[in-house]
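What follows is chain A paired twice: with chain B in the first complex and chain C in the second.
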Partner chain A sequence: MRKKILPYLLLSPMILIMGVLVFYPIIATFSYSLKKWKLTAPNDIHMVGLRNYAAILKSDSFWYSFQNTLFILAVVVLLTTVLGFLTSIFLNIDVKWSGILLAVAMLPWALPPYVNGILWKFVFSSGYGFMNKAVIGLGLAGKPIEWLSSRWSLLLIVSLVVTWRSIPFTALVCLAGRQSIPGGLYEAARIDGGNRRTIFRTITLPLMLPFLAIGITSTSVTAINVFDEIIALSGYSDLGKNILVESYMTTFSFLDFGKGSAVTYLVMLFAGILGIFYLRSLNKEVEY
Partner chain B sequence: MKFSKKIGYFIALVIFLILTLGPFLWTFVLSITPEYAMMEKTTRLLPEVITYDNYRELLTSGTQKGSILITGIRNALKAVGATLLLGIPIAMMSAYALSRMEFKGRRLIKNLLLITMVIPVMATIIPLFRLFVARQWLDDVFWLSTVYVSSYLPMTTWLMSNYFATIPKELEEAAQIDGCGRLSSFLRIILPTSYPIILSAALIMFLNTWSQFQIPLILASSLETKPVAIVVSEFMTKDSVQYGLTAAAGMIAVLPPAITALIFRKFLISGMMGGAVKG
Partner chain C sequence: MKKRLISTLLILSMTAAMAAGCSGKESSSDSNTGGTGGASSDTTASDDGADGEGGSITFMAPDWAIPTDDQLKAFTDETGIEVTVNEVGWDDIRDKMVTAAAGGQAVADVVEVDWSWVGEFYAADWLEPLDVSDEVKADMPTLETFTKDGNVLAIPYANDYRLSYYNTKQYEDAEIKEEPQTWDEVYANCKTLKEKGVCDYPFALPLNAEEKTSTYLMWLAYTMNGIVFNDDGTLNKDSVLAALKYEEQLIKDELVDPADKTSSGMDAYKRILSGSANFLTGPTSFVSKSTNEEDCSVIGQITPILVPGKDAKATVTMALPEALGVTKFSENKDAAKKFIEWYTSAEMQEALNETNTAIPTLNSVLKKLIDDGKIQNAGAMMEQAELIASPFPGGVPSYYAEMSNAMYNAINKMALGEMTADEAYAEMEAKVAELAAE
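Let's turn to the complex of A and B:
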């Protein structure tokens, strides 16, 4: 009897924490999303069904932030995958200081995303920041450029900063993938007369695909959930907001808990679909 | 290496170092530039005069900004302590049960735990905010830390249970035949062989807690709970932004995690990878 209870006993603190702080709130958020509920009108809380969702899907503000989310997602996933793969090739070269380089490569991942955003804000600041000194010094522009004041330029910079933080993970996953390919395979290919390009196409790339899939899916989840960098680079302005910022502002600035919860649920749906691909790529075993 | 290859490697190295370390170097330059020199319309990168006043102001607790930053660092460290004390034992117990015991509902629990890995913070924060208001937990680092723990448990439990699963069952069985109970075989067999992964999990918890921004933005309302990243953000949004001071605060905020990452890089990499790549 004791043996049968033991696993549940061991799991009980985890189940308690996850139940109270994760699973209950997820369900509660859904029930909020079906209500008219503004903190500014605390006596007027009642069920409205799916009306919050309908209102959101009709609002320009939501589609504006949804576009921004898609833009960040596309740019970050593309750049992170290409640059992460290149970084892994670079880090795979065996030199005396390989260990140090690996540690340096990890830094952007290890540091607070908000502070990362601030560091890059200094690089792109509107007066005589680093970038403006560079473009004026090189004669590319006559006067300082307002990097962070127009929508697409701001979003591009947000995407670059998020890419900067996401590259280490993808690079390390690719590195692990690269190093797990048995050296014998390459030898055999070389004996068979394969040149470098065919070896890359027939051995390296297919065997690394599962690892690239882990990198791509994990990067997608990160890119949808960007929050800190946007706040660091543009404050709480509307210009660069994605759906996560939209959900935060609706809830905690306009104090509309009903609508805020509904926006949150739409984000979760979006992130969840990509998340399922991520979990599936994690569980895939690699076979040779 | 051939000469042409060496040149190529050298170019790649320079690009890599500039892109990775550039923002830190530039922020450091700003932090030692006098405030008046920052407005100068010049393309010169380095200031003519160097000042350490910003660091002096931030690191003496007598000044207003200094005491806010130091409190922020202390709050972040307190949260790190509470997170580790709570999170590591709970993750270990759960990972042990999930990887080395057979029981009903094991798959279900494992899957539910994995699913929460991809749920955004915003999906849980509104009811949590209400809970924190109702219980007056908004000024309490401990309850804030339990929310952090709930977001780390899926990842760290997964990490540890993957590792525990690679330890041969026979080792534990042999110990149990020799008269060890479950607890002492755990303490003598599992714990000593898996200290690297426990250290990895602890590092991940430390770095993530230090980085927290979105959760404390909503759940930490007072000076007594706000962590360092929030304090830096308030330097940035105050009416009169002092760039040099904010730059210095940013440098101070990245120093502890940067040093930790450099020292423990091996454990950190296995932590990052252990969750993503099996075995």
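Let's turn to the complex of A and C:
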């Protein structure tokens, strides 16, 4: 009897913390999303069923934000995965300054996202930006380019900025994965006549896939949840807004907690489905 | 056995720690209820930290509104009320207020209330009505902005109304003799300045997707035509469209710096301080900025003038003041009201001008400071203060944030060439009409 109770007793503090801080907000947010609840109309709060979801899914603003989210997601995941993986391969090479190089490579990860956005705004500012000085100095343009003034160039810059911040984590996870592969496997492959390409394709890549899955999942969640960089680069403009900015504006600027909660739920569902998809498709066991 | 004992002790200590964290008396001096972040710091006026006879209150405001320790101590000595100051970034105050009030909590007893928040705070029933004497009402024109249905919801402490500025030296260089009286003259003079090579982008105009872009259009329409909104809350087409077309023309003629489309509104305003812009209609704070060596590189060249109008100088100007209010959830309402009364008194307004460079909201104090030479290079500042009026017929609406968002995004799209002025107007008109109908 005691043995049956003890594990639950040991788990109970964590269950309580998770219940209060994770599951309760998830349930509460869902219940809010089913209500008409605008803070500026405190006497008109009532259940509306799925009408908030229907209104959001019919709104052009939501789909515009969703397109922007998908664009950022695709570019960030692609670039972060490729560049993070390559960075990990370079960091795995044992040289005298490996430790310092690793520390330097991790720096962008340590930067607060808003600061990151502000830094890059200085680079791409049309008035005093480094990039304009560079292109004009090199004779590539006659007058300053308005980098942040069109939707796709703004989204591309946001994606690059987020990629720059995300690469270190993916590189670190991949580096851990790379270093966990037993050296004996490589030795055996070489004895069997495997060349570099074959070894990479049949040993390194398959064994690193679970680590890449972690990196891709984390990057995807980061890309969906981009907020600070967008605000730093373009403010609350419609031009570059993603679904998180849409959710923030609806909830905290327009004080519509009902619709805001529904947008938040849609963001959560999207991120959850994507995470499950990645983990199921990439986390496969490899046998030799 | 030993392991079990340790495990049990660990569970007990964790549970106790959690229980301690979840409980505790809710005191008004501990009302920092989180929010979306941002720097904040707490200081208490009293040295010993003990409750005074008059009670204690919390005060949440941005850095420029925080009185000095001596001023707070004088208040505590006079009333026995202790004040715990919670200095929070301006942007974060509204978010903190919303988060706390949604949960029925007071974020602080006395809070900063921006003119643009007052409609929604009133609709949400978050502010306690305040008593103001008729004498103060007559001397404080910006009070109208914070009055809804006859209730004064907050008392303005920092005056910020729209005043025009132009660079006199550049006018001389371009051989323009007179200061502009009308918006058409401003436009014509800007063209002359550009054509003569005196100033490349003479008009400072915020066009980024942000609040300042909406308010600029509002006061442009207001000073140009005397009206922005109809009585039912919808946009007045003739007035707003004319103002939009005026902005569109300035952009087309390259009288506005392309950087103004994406840089912050304040950066657009500041161009006049470096001489890269000639004309600005903007905050009153530029009176002092234009005489400050740290802020301005063209000291002595900028003159504050009355805002231009359609056929002569405008007969109204818009104010964007900041005020202090008492939260409905406060448990120390009387002490909080006493604090606001003290903070917005004539003596304190004069003192705060010296310590915090706040522009007084009482016209009598403003006049005294100008007459005493404490506000330098005042130009038409006093004359303009007497023309303050609100462009909102029924007060600032509860949907202001959503309306402003629709307006600045439409203006920004027009500036970026994605829309014409007519299309931008149609977009904002549809949204404003929808909100007003709700």
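Details
Throughout what follows, the second predicted complex is superposed on the first by the 251 of 288 C-alpha atoms of A that agree within 3 Å, B and C clash if a C-alpha of one lies under 4 Å from a C-alpha of the other, contacts with A are read in each partner's own complex, and residues count from 1 in each chain.
FYI, contacts are C-beta pairs under 8 Å (C-beta built on N, C-alpha and C of every residue); 3 or more make two chains touch, one makes a residue touch a chain.
Just so it is clear, the model here is predicted, and its values are computed rather than measured.
When the shared chain is aligned, chain B and chain C each come close enough to touch A:Phe257.
Residue contacts after overlaying the shared chain place A:Thr87 against chain B, while chain C stays out of touching range. Touched residues of chain A were counted for both chain B and chain C, and B has more of them. With both structures placed on the common chain, the touch criterion links A:Met249 to chain C but leaves chain B unconnected.
Of the two partner chains placed by the overlay, only chain C lies in contact with A:Glu146; chain B stays clear of it. Touch criterion met: A:Ile17 reaches chain B and chain C at once.
In the superposed pair of complexes, A:Val104 makes contact with chain B only, with no contact to chain C. Using the contact criterion defined above for the overlaid structures, shared-chain residue A:Ser218 touches chain B, although it does not reach chain C.
In the overlay built on the shared chain, the residue A:Leu70 is in contact with neither chain B nor chain C.
In the superposition on chain A, contact of A:Val115 is made with chain B only, not with chain C. When the two complexes are laid over each other on chain A, chain A has residues 6, 10, 13, 17, 125, 127-128, 235, 252, 257 in contact with both chain B and chain C.
Every residue of chain C that touches chain A in the complex is listed here, in rising order: 4, 7, 11, 14-15, 18, 36, 95, 98, 101-102, 120, 123-125, 208-210, 257-259, 261-264, 267, 398-399, 401-402, 405, 408-409, 412-413, 416. In the complex of the two chains, the chain A residues touching chain B come out as 4, 6-8, 10-11, 13-15, 17-18, 21-26, 28-29, 32, 87, 90, 93, 95, 99, 101-116, 118-120, 122-123, 125, 127-128, 130, 133-134, 136-137, 164, 168-169, 172-173, 176-177, 211, 214, 218, 221, 224-225, 227-228, 231-232, 235, 244, 247-248, 251-252, 257, 260-261, 264-265, 267-268, 271-272, 274-276, 278-279, 282, 285. Touching chain A in their complex are the following residues of chain B: 9, 12-13, 16-17, 19-24, 26-27, 30, 38-45, 90-91, 93-94, 96-98, 101, 103, 106, 109, 112-129, 146-147, 149-150, 153, 157, 182, 207, 210-214, 218, 228-229, 232-233, 236-237, 243, 246-247, 250, 253-254, 257-258, 260-262, 265, 268-269, 272-273, 275-278. If you check the complex, the residues on chain A that touch chain C are 6, 9-10, 12-13, 16-17, 39-42, 125-128, 144, 146, 148-150, 234-239, 249, 252-255, 257.
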